[in-house]
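There's a structure below that I have some questions on.
Chain lettering (A, B, C and D) follows the sequence in which the chains are written, and residue indices restart at 1 in each chain.
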Amino acid sequence: MSGIEIFQTWVIAFFTLALFSFLYKDNPIYKLAENIFAGLTAGYQVGLIWDTIIIQKLWDPLVQNGEWWMSLPGLLGFLMFSRFFPKISWLSRIPLAVVFAVTAGVQLTTQLHGLVLPQMQSTMLSVGSSDGFVAFLLGVVTIVGVISTLLYFYFSHEHTGALGVTAKIGIWFIMVSFGAHFGYTVMGRVSLLIGRVQFLVEDWLGTFQHIF
Amino acid sequence: MTLFAEAAFSQEEFSVFRGDRINALIAVVAFSAAVLIFTNWAKRGKPLYLRKIAGLDAVEEAVGRATEMGRPVLFIPGIDDLDQIETIAGISILGRVAQITAQYETPLMVPVRYPLVLAAGQEVVQQAYIHAGKGDAYEKDMVRYVAGEQFAFAATVNGYMMREHPATNIYMGAFFAESLLLAETGNAAGSIQIAGTGRPEQLPFFVAACDYTLMGEELFAASAYLSHEPVMMGGLKGQDLMKVLIVILILAGVILVTFTTKLGPIFKSWFQAV
Amino acid sequence: MRTTAPVIIAFLTGATLVVTFFLNEKTPFVGQLSNQLLDWLIIIGGFTLLLGVVSILRVSWQTVQRRKEGWFYKIATIVSVLIMAIPSLLPVSWSPLFGRFEGSIYDWLFMNLQAPMMATMFATLAFYIASAAYRAFRARTPEATLLLLTATLVMFWRVPIGEAILNLIPGDVPFFINKFVMNGANLAVQRGIIIGAALGAAAMSLRIILGIERTYMGRG
Amino acid sequence: MSFWERFEGMDRRWVYLMVGITVLIPFIIPMKFPVSVSPEARSFFNAVDSLPDSSTVMLVFDYYPSTIAECEPMAIAGAHHLFQKHCKIITLSNIPYGAPSMAESITRRIAAEYGKEYGKDFVNLGYKYGYVSVLKGMGVSIESIFPTDNRGTPLSELPLMNYVKNYEQVDFIFEVADNATADYWISIVNAGYSVPMGVGCTAVMAPKFYAFYGAGQIVGLLGGMKGAAEYEILLDKPSTAFRGMDIQSLVHFLIIGLVIIGNIGFFVTKRKKRKIGV
């Protein structure tokens, strides 16, 4: 192991332990790591956005490919800085309006087309006797689950009577699903912890024999 | 099936209109009509009943609690950018919450992860304070950009929660793996917590660690509920109508697929998204 | 002007995008409009990054200047922002330490500080998930009982030894969990929530396009 | 205050401590709990095992440094298996940070064990921006997308790449991913060029990929650390993932135990409160 590698391992170990220390309580080492972490990620965005967005998406098309219309988003981007000048700060609402409207315009169709229709389609399951008992039961569970969950979100009627019963079934389904999802995720999260502990035990403690 | 054959044929010849998306067009038109009819209905003052949503009533109470305790309200409009509709929902709710904190002059802290959300958040909060006649109480750094990455954001916000002990934490928007990092720390700090997200995979963690959780559609309804304006709330009735329609169509599909061999698959294929 | 202009722009942008969704992608001018506008959104976001960096530096600097509590740590923030950002903006031709690729300061800081810290924060979830389970999984109500029973069963099933034990019980329990809990009830609920959320999202979009929802301009 | 009451009000840091200790135990005392092999992992292994000697395989490193614990053991086991079979390996990545250098160091280290030579037996193409165009473009010409390898050597100087021009010369794709790029490998490369493919992914992603496995779009699936451990067993090289499964099992049992004890405490204290009329 080279000196540089040992140094890197110790740097990583320091910040790993610093963040873990918050589990016990907030402390100066954590505060230091937290502030460095926050600063680095902000700086990281600067490098990434300058290169991949401002240069590759704006400057190159505009200047090298002569796509003149790309000056429009550039102008809208500049209007954002009107926020620094109180008198014309309302101008920054124009790019904001464009941003909100683009999202809304894209989402209105894609939510209905890309999510609602296909999810409805995949719920239209055959529950005939020909496909066997397991398929039948799975079909019934799915259909009842989808419908009762959906009706749980009914706003304009109190959850009483038939709607109340459906919403109650919906809540049971929701609880089963949440429990399953919670239990399922534990494994992935523990794996991540194992990764960090393996680093500390094997790599970091491993440097001790090179140093001492 | 004929619809698809035609669409495929006409596409080869190049038609401007995408015939294969006729199903989506009908869905968009029907949906917009349902929402707008009831919006109009509400505008004309027709009575409109909406059931209570516990998490939403809690928002106003929780801000009140923060005022009594003299501690800040922490609001996180999700950790995604403004190209997600959930973030927009979060920003809208922030506008309502900021009006309440403005009235009571309760300190408000809104950490964000994307600069666009920062700009939108500052605008919304500033306008809410002006609207409430408390323009002087507004500070630019109520909404602040704290980090450029998911886990650095969580580390910073967690530190803030343990040091400042906000009385109320409100999470509204798009959340990912950091949902539980935030909510558990908030719980440990003793804050009242209200969460809302459209992402089913994060809901179990919010439900486990928060006092109230708005699930899926409730998040998008929240802004309308909190506005107390009939125009906004009318649309919810339209959404309900669509839900009933969806349930009927699903059941029709199930019956057709189960009992017919030809009509069922044709009916089902109509919902194909292309 | 100050509110009507943005509202009109929002309506025109939104409505155009809805229409282009139903048009052939090869249609001149408008066919690729949604991709084009999404790129615009990214570019506008790119410009705003300056607002973000100004925000984090200003808040930190004020803390340092006024010697507020913890001001010392804010120096670390400022230094970190600058040490990461500035070398990444300088051309590689000046020095291999500049730019963003292998061997640069940017890359070294990412690999040895930022990436391990991301992994560590992610890993702390293992502790939080355990304490959340311990605290929240109490059989207070029938619903809560259902939640905790499913969670426990799935946790048991997910590890080899638990699965082996489940296999000792007559009736194929792992199959049952996989089929009816994971792919049955769980999938159905996800679907129900997704459909509901999509309706809510679509209604929200409609309100924005039509100018009913104008919170971003501070109006109801 | 009774034992149960004290347990009810336990500081959460005791739970953290228990988790921390549990994670460390298997490092000191290896347990070696048996791991059963799932059909989808076995099918993955068999698909690789039945490749003819000196086939060309793409080993794709589509994971970020934050999920090394789950993904790296899969990539390592895959590299061992492929070199054992004298397959030619082409590594590449759709992840800008970390992944290209992880691919570099892992393949070089393992190649040394089997006496394999860079350029002739394995090549690391590195990373290019825009995964959709990368995946599509390699169907026509790999060289048009990656003119050079990760270290800047032109592909024409690498003997292996003189033979491999596009997907037609690729016999199998071994994709290791922690994100949605795996979907695109299936929908673009498998669907468009019918190259057989196996996917190793994180545990959280696995349920979704069962559908692709069921539909025959991928020949095998490794889900999370357990999937990696299964591959290690099939390869008869139990390593980090296999050891990790011991920890996994212990932590799961710890949490289940805590939930059970917590509920006993909950009922005991509730009954007590009812008795004294609170």
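Simple rule for what comes next: a contact is a pair of C-beta atoms (placed from the backbone, for glycine too) under 8 Å apart; a residue touches a chain by one contact, two chains touch by 3 or more.
Bear in mind the structure is a predicted one, so any value in this text is a computation, not a measurement.
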item	value
Of A-D and A-C, pair with higher C-beta contact tally	A-C
Relative to subunit A, chain with the most remote C-alpha centre	D
Approximate Å spacing (C-alpha centroids) for the pair subunit A, subunit C	3
Chain centre separation in whole Å, for subunit D relative to subunit A (CA means)	20
Chain centre separation (subunit B, subunit D; CA means) in Å	34
Distance between chain centroids, defined by C-alpha means - subunit C, subunit D (Å)	23
Junction residues of subunit C, two or more chains touched	18, 21-22, 38, 41, 44-45, 48-53, 56, 110, 114, 116-119, 121-122, 124-127, 129, 131, 133, 135, 137, 147-148, 151-152, 155, 158-159, 182-183, 189-190, 193-196, 199, 201-202, 204-206, 208, 216-217
Set of subunit A residues in contact with two or more other chains	19, 22-23, 31, 33-34, 37-38, 40-45, 80, 83, 93, 96, 99-100, 102-104, 106-109, 111-113, 116, 120, 123, 143, 146-147, 150, 153, 174, 177-179, 181-182, 184-187, 190, 192-193, 195-196
Per-residue multi-chain contacts in subunit B, two or more chains	21, 24, 28, 31, 82-83, 85, 88, 116, 119-120, 123, 145-149, 151-152, 155, 200-201, 203, 205, 207-208, 215-218, 221, 236, 239, 243, 246
Footprint of subunit C on subunit D - complex, ascending	12, 15-16, 18-20, 23, 33-36, 64-66, 68, 97-98, 100-101, 203, 207, 210, 226, 229, 245, 248-249, 251-256, 258-260, 262-263, 266-267
Interface residues, subunit B side, partner subunit A - complex	21, 23-24, 27-28, 31, 48-51, 53, 82-85, 88, 116, 119-120, 122-123, 145-149, 151-153, 155-156, 158-159, 162-163, 200-201, 203-205, 207-208, 215-218, 221, 236-237, 239-240, 243, 246-247, 249-251, 253-254, 256-259, 264, 267-268, 271-273
Footprint of subunit A on subunit D - complex, ascending	13, 16, 19, 23-24, 27, 66-70, 129, 202-204, 207, 224-226, 240, 244, 247-248, 251-252, 255
Subunit C-facing residues of subunit A, complex	8, 11-12, 15-16, 19-20, 22-23, 31-51, 53-54, 57-58, 70, 72-74, 76-78, 80-81, 83, 90, 93-113, 115-116, 119-120, 122-123, 134, 137-138, 141-150, 152-153, 170-187, 189-190, 192-193, 195-196, 199
Residues on subunit A engaged by subunit B in the complex (per definition of touch)	19, 22, 25-26, 30-31, 33-34, 37-38, 40-45, 80, 83, 92-93, 96, 99-100, 102-104, 106-109, 111-114, 116-118, 120-121, 123-128, 139, 143, 146-147, 150-151, 153-159, 174, 177-179, 181-182, 185
